[in-house]
Amino acid sequence: MTTDTARTPARAGLRIDFHVWGPVVALLALIALGAWLNPNFLSYGNVTNVLARSAFIGIIAVGMTFVITSGGLDLSVGSMAAFIAGVMILVMNALAPSMGVGWGVILVGMVVALAVGLAAGLVNGLLVTQARIEAFIVTLGTMGIFRSLITWLADGGTLSLGSAVREVYRPVYYSGLFGIAWPIVVFAAVVVLGEIVMRKTPFGRHCAAIGSNEQVARYSAVNVERVRLATYVLLGVLVGIATIMYVPRLGSASSSTGVLWELEAIAAVIIGGTVLKGGFGRVWGTAVGVLILSLIGNILNLADLVSPYLNGAIQGVIIILAVVLQRQKKAER
Amino acid sequence: MNAPAPDRRAVLEARRVCRSFGPVEVLHEVDLALVAGEVHALIGENGAGKSTLMKILSGYLEPTRGELLLDGKPVSFSSSAEAEDAGIVLIHQEFNLAEQLTVEENIFLGRETRRGVFLDRKAMKAEAARLLAELETRVGPDARVSGISVSDKQMVEIAKALSRNARVLVMDEPTAVLTNREAAVLFRQIERLKAKGTAILYTSHKLDEVARIADRITVFRDGTRVAHAPAGEMDEDRMAQAMVGRELSNLFPQKAPPATGEPVLSVKGFSVGSVVADASFELRRGEILGFAGLVGAGRTELMEGLIGIRESRGTVEVAGRAVSIRSVRDARRAGIAYLTEDRKGRGLLTAKGMRENLTLLALDRFARLAIDTRAEEEALTRAIEEFDVRAPTRQVRVGNLSGGNQQKLLLAKTMLAEPDIVIIDEPTRGIDIGTKQQIYGFIHRLAASGRSVIVVSSEMAEIIGLSHRVVVMRAGRVAGVLEGGDINEDTIVRHAMGLEGREAA
Amino acid sequence: MRLKALAGALAVGIALAGPATAQDGDAAVIGVSIPAATHGWAGGLNFHAQQTIRELEERYDNLDFVLSTASDPGQQVSDIEDMMATRNIDALVVLPFESEPLTGPVQRVKEAGKWVTVVDRGLSQENIEDLYVAGDNTAFGRVAGEFFRERMQGGGKIVVLRGIPTTIDNERVEAFQAAIEGSGIEILGMEHGNWNRDDAFEVMQDFLSRHAEIDAVWAADDDMAVGALEAINQAGRQDQMWVLGGAGMKEMVKRLMDGDTVVPANVTYPPAMISTAIELTALNYVSRAPVSGRFIIGSVLITPENAESFYFPDSPF
């Protein structure tokens, strides 16, 4: 609370609204730092690398934005991605001999990924909305389940996609449209669509209403359970899409695939300005949050600023700073 | 009238206090003096600046200009905790209770009694029990706050203030959620505190209450003190006049002749959980049907059952056709809309703007695939005009609107769904008299335009002044349906208390 | 080779023992506690442990095994306590998650009069275990370093992908650095790839952005090598550098056998050491020749010439 209520209209116009622009300012600062530290930072190759590797978490984080905005949480997405990747690889390997190596097998694999993602999201969503178990507990449980399932499927080792199929599938990660890698194209499309859905559709409005006050939403004829369920299903499908982009990268899945993705996705959502308690979400902010997270790692690799042992600490400091920037506004109220 | 109070016994005094929010000044050089052993009533319409002054007095806000005097010496509080240390306690209109803690834990929150490093639960429990007994409430110290009724929560708030041995007690509409019996207990407490020398600042929209308990009355309008007199010199008419700034003719519009239209809603053998049993009634076209009864008689539960929020059994016919309503969506489809009594908890998203709130119920009217924001803005413009919503800006967060304007917005939101049957639960709770009049006028026009209205209210005057017919509920059952000359306070109370049937037997 | 001698002794021991010498009465219970399969090498470890246990249980009626896998040191301590309390084990084969926290609990097992075999990671106090079977991390780093030294006569520029920050990783890297000292090989950068394909892929991408000239990569682990190779392919620089992995993952050994020039060699650090440990422990109960002492399984350079003998297509690793 401040005592200074003197009227200074001249200053108000110049001041940046950090609540809105905080993440963008942080992102720009990181880009400037990176460019200053290493001339290769802004090269086509490096920019492509950073954006493409952000794509998996980014696509997932867009779905997570909806879940969190409506007052939920999903801790299972990292293991879910590993599980979907595993199933996808097993299916494609099994079908390759009979179907022949080609896009047919890969399309089946993609459909399987989407279907498994949808089913996994449905399980989470039904347990939350119908069995009325806390989202934290449900998804903590399924997190362990998916993680065990992939370990079991891979026999504790690594599932690898047959090299013939892999060669066909590889371009989905490594080549692109007009020089823009496919993961980046898909990520951008998901962000744009997500932003439109959040801002412009009844579904997005209902998510914010439910997260804001579930009772008010219920009294306002919002089908609370269905909207909630839909957010988890949407997230599951997006995890499927992320996995479709992930598998061609290394062509393998193991029990260490997707570890901590859930926390990175949640962090990106919060850095982007979405409220962890729900009620307000913005998808473009999430995209910025994801980029901030991957840029930190990239910059630390490109320059020997600190001991690699301290990378985690730097990441932590920047995450907290990015959020502090936005919260400043609140202190004035 | 504006001379500085010469009273030397003033415990707490505000002198030429101003307060601005950003560029807007909401309080203009007001004076107020609280005297030990006196009840000072502060009245005014919503948005007149009462809450702001109360917050300044109790340390929640600092004055932009002007000064506070405690025992004649200038003071400034940088927090409410500092004010409480000086013996000044504010009882909030919206409860400041931790829902998941028990009554006892709430009463002692932040100033727990300790023995060594441990809590002295026994002592606190005993003290809590003593305070609650003094307030004649039924709740025990061990009850969890989330599970007790609204009026009991108010009592806990008061107990909390009492436990702080307040020298100055600031009460923000304490009776808004209390029944008459509970209010009577509160007034006894106020008398007792007065006798002990506590200075009390009291706000209420119920002018009869003010006339009954106040020793001194201050009236605010638009952030200025417009009247200030000992209670004996100001009757209810003069109070209302000073508040509104004009002559208040009839609070209630002229009653239209009783509706004789066909029934649009017919409810038979309707039960909701274990709260409402076997209720039956009819609502006709163009009718205002009042629902009276004591708090806890099951009126709200009955209405929530009707709109599908609560599990129910029984038959409901809308315009002669049986309907099954399992959710608010079903109710909307059947043309029934419900305005909750709990504006902030169930009616409006307080963290959101007016536009999002306005269109939430009828969002399908503004969207095919995407929401047409421009159409929403137009709807908001119309609503602001039609319902006379007064907001500082169109972007204001709804939580920052005054209660009256929130209620108007909630009405506008409900009417966007174009219902044929409107159920309004406590239409004027916590609302000033000017806005009340507007809302009564609106309800009246609604019925005159051929829609049907159910008004659930605990204010007897409202029920009597508005309704064509009155359903009185008692202990979850319909105790009687009154018409014409039977609609009077005496008959309603007899039904509500269960005396009518006994007499007839 | 010590390993071969050991294997020979083992074969003889088991042959001598045979089912006929199985003792009467209660079966001996051997507890096996190892880290969960959270990365490729640990996956191999789990595979070999399960396989060995299955084989031994089939062969000997009087042997019973309890296998538990833990994902952190705390869980491993609980597992061991449970084995003692509820399964009444006669011997414990343990691959400690970390040395420090496991020392006390394992010592208590020993004090209760049980046989203790420690695998790979030593306890922080000496002389607790009856039998110690381990790989040689120093040798692992040294063999890799010597390979670099020999192949890069006259020096060159390399980058290093390190594992999860642990003592194991430090020992390997220090030995590697010592081995290349004075050779003219310059280490451009070292970052942690955490023995993980995805992390190694991203770290290698960034190395490639940062350094225009890289002659070789020491990935120190085959999972990381897979990620690094993919990043090099993406950048189209597979003709400019080669990659040395480690631990003998089957896919990498296969590439070696096929004569891939980017993957000229590998260094062993066999997860099968758990089998050795379990089998040696089992000898106590099936033969009259208990085996105790320290067995260090050296790290060997795999080259296209000897790759055949290190290729296990059935193992998950």
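Every chain is named by a letter (A, B and C) in the order it is written, and numbering of its residues begins at 1.
Methods note: a contact is a pair of C-beta atoms (placed from the backbone, for glycine too) under 8 Å apart; a residue touches a chain by one contact, two chains touch by 3 or more.
No experiment lies behind these values; they were computed from the predicted model shown.
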{"item": "Chain separated most widely from chain A, comparing mean CA positions", "value": "B"}
{"item": "Innermost chain, where centres are averages of C-alpha coordinates", "value": "A"}
{"item": "Cα-centroid distance, chain B relative to chain C, in whole angstrom", "value": "72"}
{"item": "Whole-Å gap separating chain A and chain B, where each centre is the average of the chain's CA atoms", "value": "44"}
{"item": "Intercentroid distance (Cα basis), chain C paired with chain A, Å", "value": "35"}
{"item": "Sites on chain A touched by chain B in the complex", "value": "1, 3, 5, 7, 9, 196, 200-202, 205-206, 208-209, 212-213, 215-223, 279-280"}
{"item": "Contact footprint of chain A on chain C as seen in their complex", "value": "36-40, 42-44, 46-47, 162, 165, 189-192, 196-198, 201-203, 205-210, 223, 226-227, 230, 234-235, 251, 315-317"}
{"item": "Residue numbers on chain A that touch chain C, as the complex places them", "value": "38, 40-41, 43, 45-46, 49, 53, 151, 154-158, 160, 174, 249-250, 252, 254-257, 259, 297-298, 301-302, 304, 308-309, 311"}
{"item": "Chain B residues within the chain A interface of the complex", "value": "20-23, 62, 64, 309, 327-329, 331-332, 338, 340, 342, 345-352, 356, 360-361, 363-364, 367, 369-371, 373, 413, 417"}
